[in-house]
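The same chain A turns up in both complexes below, where it pairs with chain B and then with chain C.
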Partner chain A sequence: MVFAIQRPGMAKWLEKLLEGGEVIAPVRGPCGDVVFSTIRSPAQVIWDFGNPLHPPKRFVLPQTDPLVTIKRNGHRHEVEPIYDDARRILFNVRSCDVKGIAFLTRMHEMEPADASYLRRANRLTVISLACTTPCPPGFCVCTDSGPFLSDGYDIQLTDVGKSYLVEVGSEKGEAAISVVPSLFRKATESELLKRKKLETAARSHFGQETCHFASAMRRISTGRVQDSLWDKMSDWCLECGGCNLICPTCYCFSVKDLRRDGTWIRCRMWDSCQYAAFTLEASGHNPREHRKERMKRRFFHKVSAQYYTRDSTVGCVGCGRCIKVCLGTTDMPAVVAAIRKGKWHE
Partner chain B sequence: MNDVFLPDIATLVKAWDETPDTKTFAWRFRDLKGGKDFHFLPGQFLELSVFGYGEAPFCIASSPTRPDALETTVRRTGQLTDALHRLGNGDEVGIRGPFGNGFDAEAARGKDLLFVGGGIGLAPLRSLIWNALDERDRFGKVTILYGARTPSDLVYRHELKEWEERSDVELLITVDWAAPGWTGNVGVVPVLFEKVTLHPESTLAYVCGPPIMIRFVVRDLLARGFKEEAVISTLERMMQCGIGKCNHCAIGHRYVCRDGPVFNYSQIRELVE
Partner chain C sequence: MSTVPTTCPFCACGCGFYLLANKGELVGVAPSETHPVSLGRLCARGWGAHEAALWGDRLRQPLINRHGNLETASWVEALDDVTRRFRDLIAAGKSVGVLGSPRASNEENYLAGKLARAGFQTNNVDFCFHSICRPLFAGLEDVCGDYAPSISLNDIEASETILLIEGDLAQTHPRAAFSVMKAVEAGAHLVTIGYSRTQMARLSSLHLQTTPGNEGEVIDGLLAAVLRPGGGDRTSLAIPCEGYDALLRNVEAVKITEEMRQAADWIAHATRATFLMAPTSGYGDQTRNAAAALATLAAVTGHLDRPDSGLLPLLARSNVRGACDMGVAPDRLPGHQPLCDQRAQQRLQDLWGKKLPSTRGLEAESLLQSVSGLIVLADDPSAVLPMGGRALAALGKIEFLVVLDAFVTPPSRIAHAVLPIACFAETEGTLTNMEGRVQSLQVATQPPGEARPGWQVLAELCARFDAGVSYNSTTDVLREIAQAAPRYARMEQRASDDEWGGRWVKDPDRGKFKLYATGAAALTSAERPHVLVRDGAFDWGRDPLVSFSPTLSRDSQSQQKLFPNGFVEICKQDADGLGVPVGRQVKLTSVHGNAVVPIRLRADLKPGVLLVPYAFRDHVANVLGTDSVTAVKVEQA
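Now for the complex of A and B:
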């Protein structure tokens, strides 16, 4: 069933949600930029914003994710798993980021399942805000991850004027509206119609030139991208790893021991396949020594048919963050276009 | 759901020098999670952690037919292996695993086995060699060709001697550079092919060593009539999780830690991205 909530009711609902645990939402930072942050009051929540540069990935997969405590007592060691049992609500997340989290969860559910990640993800409620005005660099229509969603969310909100449409997609979503059921009523026919119109309008915002994965996928999967093209493209890559760090679907990691308060904490830390040390072995042998091989790897993982078959989606949610962050212009749409056309802009 | 990153604690029973920079370690579990047994196959690997230094993948060098000792052979080459080499008897490490597919010993039943090892690459083969020798009547001819850079780089000396003395094993050793007193073969491993009689149609060849050695050995074996499926190797990558999630060991959409590390040559050729 689709519900609706009047605009003034929103603050009251948020107050109730705040009583139940941590609520994270895009807020305006001190310098005016928009960031995901834990909120203290409903007044902090903003409703008209460009998507934050950093996706909310870190609330399910922190950059440094403690996994195991290692305690030492003389010669004897004791190891204990570390669990993050906090209940969190992600509020006003954009569609692409909802799909990003859903993607990460699928990766960690794959056997053998990653209990540490899943504990955190299972306690996270995702309340999304459908994109009625898509953001300029986004190409979510090409990746089936926006501007409106048909699944993946716990609750999807749509601004339909005087009220918000509330689509509930899961039990966690039901639980979130049950904190103040009186605020929610059945959506009216005109509200539902409005949503439909808004979605059609939002979709028409995307131009013809977005990101055509299909032909790039064919070439990448069959090794038909010329080596010289990878050479040229990788010439532009600065190996900063920014594309990986801001990508909602990147989850490669390294395992390291960190010293904290007199004990060792074994941590999972974000890593980047664009770094030379990513595949470096202790012997000095490096299977992906050249930048072009690493770049090839990144796009094989994200765009190849082999991974598409395994994951039933490309490893991209079309948020356009790599376009914003890449100084070398080797972002997803640019590389996909270059592969499709067989040439790189010089 | 288990905690895939939680290691079991094992203690060092003893360690001994193989070469000036390589040691073999024998481990015993202190207590296994949930009292389970530790079963493994030859060719599988462990994530071994020296606490405070992190974790790294090492192949199991002992045979499952000798369950009281779990052994790894490690060359000192970085921070973690350096710390490992400094451990004394009774010191503790963390062990996760076993990971990977391992050698298919069942498929090798009744076949002749040819082992071609280079340097420390004999370690994963040793597991399968002892497995085969402990169940000797299940397998045909066992031939071991082993090469190292210099005589002092040969590992498992006592066992080499034992294999040499056994009548049911043919062992040939070569070194790239002889040292004073060396009376054996000199040259890279493929020179040994001239000195043995091979039956490609009934033999499985297990090859492990440095990448350059593998390349030449595989080329020679194929030229001698071995089928690609009969040439089996184990690949090495910087595996950090062992469960196909961290992506360090990915080649195309395959993961060395989960789909491997053991692949036959026809599978290796398909590993592209």
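Now for the complex of A and C:
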């Protein structure tokens, strides 16, 4: 069933949600950036914002993620898992990010399932805000991850004027509205119609602009991308790793032990497949020594038919963050376009 | 979870980001779209900035040498010890000195300089990286009389022509490299000058390959092409400059290639141009001359008079500009004013209420080899100075060595007193980036153990040497800096120029240049036909901010492990000619001495050129001597 909540009811709902645990939402940060942050009052929540550059994936997969503690006990080592049991609500998440978290969860559910990740993800409620005005760099229509969602959320909100439409997509979503059921009513026909119109309008925002993943995918999957093209493109990457680190679907990591008061804490840390040292082996051998090989790998993983078949989606949610963060000029749309045309900067 | 805006501690581009902390520990970095330099972007170092502070081997407690061992002490004990020992040394007429650091804030560097000058009554104050960039600064000053008129990183993007004297910009200053890329993407002509085909060289419209140290000759060629009849648009020389006629005479005989003519044409006809120069290696005065030639080229083509053009020296470490501005130099006072400037001396004496020494002090390398007492602030001279490992041996001979650092470093292990200070994520202060933007550091987490903010420790030392006033905060220190350094005037009260609180240092006046002209000398001979060059200006792998970061240290650690004897890079033609297979060793002989090192092939070198990475300079120390480029004989070992 689709519900609705009157605009003024929103603060009350948020207050109730805050009583139940941590609520994280995009807020205006100290220097003007929009950042995901734990809120203390409903007044902090902003409703008109560009998607934060730093994605919410750290609430399921922190940049530094303590997994186990290792203690020495005589001649033995005792290993104890560290669980993050906090219940969190991600509020006002954009559609692409909802899809990003869903993607990560699918990856971490694959055998062997990742208990640490899943514990966090299972305790996370995702309340999204549909994008009635798509953000400038985004291309979510090409990746089927926005501007409106048909699944993947616990709750999807749509601003329909005097009220918000509340689409509940899961039990966690139901639980979230059940904290103050009185605030929610059945959505009216005109509200539902408004939502439809808004979605059509939002989609039309993208015009004919599409990312042409399909033709790039054909070329990548069949090895029809010239090596010289990778060569050229890789000179336009400065190997910052930003594309991976801010990507809602990237989850590469490395592991390192942190020493604290006589124990070791094994941490998983975000890593980037674009870093030369990511595949550097202890012998000094590096299977992907040259940047072009790493770049090729990144796009193969994200855009090839092989992975598309396995994951039933490209490894991209069209958020456009890599366009903003790339310290070179080799963001997703730019490279996909180059692959499709077989040309770079010509 | 806290989100604290701060400034990148690595390179001099001066990016900004948010440090993320959870329960008092750093957990990550988030980029910022509003930061005026970063605009959403960071390089790998910036993305990993939280790691060293978190994972590093940190100094937590003051240590003093008792009966030959470094033992923990209270702050009072340690400071008393340092005070007493330095007083004794000074009373005995022995020389002492202070080394500041581009890894430290302006406030820390300023207080380090004050401690030396007002406290110890000596101009023995410098920072190690100065040894690398001094010739570059000197060359620019020969022409501009001061820093060269600069350009902001963002404005580089709008340049029509960019002349880059390469170190390896993509590695040393990724953010600056990004601006250059953007300009090239928009159609700018990028001209690179260097001895290897670096990433930027591959993106260039024209790469002028030199032999190491001969960058100046190529620039002379560009000058000649601009100045000789039919060369460029000479009317761009708006104001009469000193030395113009001598310059004209000098370039008469210079050989101009077709490529030089093309590059000169692009420079002369651009309305907006950027000149970038890394601290290149060179023999004798080659680097200084190349820098002077570059500034001259920029001046005669009118670009130093245009607000949208400018020249930027590429300083590897974050606060090199700040350390210079704070007077951390044996011949400079705060504000980069010459030591011999009477008015500046007087103003400083009035401000500090003390008579100040007027004899020039020693530069870092000589300083640490000759003083009896030394304070080293946040630096490892053996990792930074060209003299490498020998610096550590010299430090070991100092009667009383004091190290202030956040991290365990080789000098901290051999010091007589160790004062643990906060790292960049745990203290307030400011850094001045290469553009002259003064930006803030903010406290994201507390320093570990008993470590204290460095500025507080230095202020306390100043007070103990009768050079103190009490400062309640870094703002108090900045207020004093604003009085000591005219270019920082009212810095602490000025409204910021951006949302991140950055404020500009006043750029030097444009318009009065002293043109420069020189000829080049041949380095190689029949006996020693090859040149060996120390490649690069800085080894990030030995900087604690990198070496303690699990993510950032991997490449350099792997190299150190794989090449315990270092290596030199050589082109295939030369290796074949010598009959030396890859991985095998060659014997290098120069006027200074010889060394045996393994070789690695490198495709983008000219025959006759051998490169030794800065990180491996110790392995050819005998061959290089005090040079950064030297002629060598190469043989099978």
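Throughout what follows, the second predicted complex is superposed on the first by the 339 of 346 C-alpha atoms of A that agree within 3 Å, B and C clash if a C-alpha of one lies under 4 Å from a C-alpha of the other, contacts with A are read in each partner's own complex, and residues count from 1 in each chain.
Going forward, a contact is a pair of C-beta atoms (placed from the backbone, for glycine too) under 8 Å apart; a residue touches a chain by one contact, two chains touch by 3 or more.
Source: prediction; values computed, not measured.
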item	value
Three-chain arrangement built on chain A, chain B and chain C clash or fit	fit
First (chain B), second (chain C), both or neither touched by A:203	neither
First (chain B), second (chain C), both or neither touched by A:252	first
Chain B versus chain C as contact partner of A:310, first or second or both or neither	first
Chain B versus chain C as contact partner of A:185, first or second or both or neither	neither
Inter-chain angle, chain B to chain C through the CA centre of chain A, in degrees rounded to a multiple of 10	80
Contacts of A:67 with chain B and chain C, given as first, second, both or neither	first
Touched partner set for A:280, first chain B, second chain C, both or neither	both
Partner chain in contact with A:329 - chain B first, chain C second, else both or neither	second
Closest Cα approach, chain C to chain B, once both complexes are overlaid on chain A (Å)	7
Common ground on chain A, meaning residues reached by chain C in one complex and by chain B in the other	254, 256, 271, 280
Parts of chain C lying in touch with chain A, wherever the complex brings them together	1, 3-5, 16, 18, 20, 22, 26-35, 40-44, 46-47, 50-51, 54-55, 170, 174-175, 177-178, 181-182, 185, 199, 202-203, 499-500, 550-551, 554-555, 558, 561-562
Chain A residues touching chain C - in the complex, by the definition given at the top	29-33, 35, 37-38, 53-54, 58, 62-64, 235-236, 238-242, 245-246, 254, 256, 258, 269-272, 275-277, 280, 284, 324-329, 345
Contacting residues of chain B [partner chain A, same complex]	1-7, 9, 49, 51-56, 75, 77-78, 80-81, 90-92, 94, 211, 236-238, 240-241, 243-248, 250-253, 272-273
Chain A - residues contacting chain B, complex	67-68, 70, 72, 75-79, 81, 107-108, 110, 112-116, 118, 223, 251-257, 259, 264, 266, 268, 271, 273, 278-283, 285, 287, 296-297, 300-301, 304, 306-307, 310
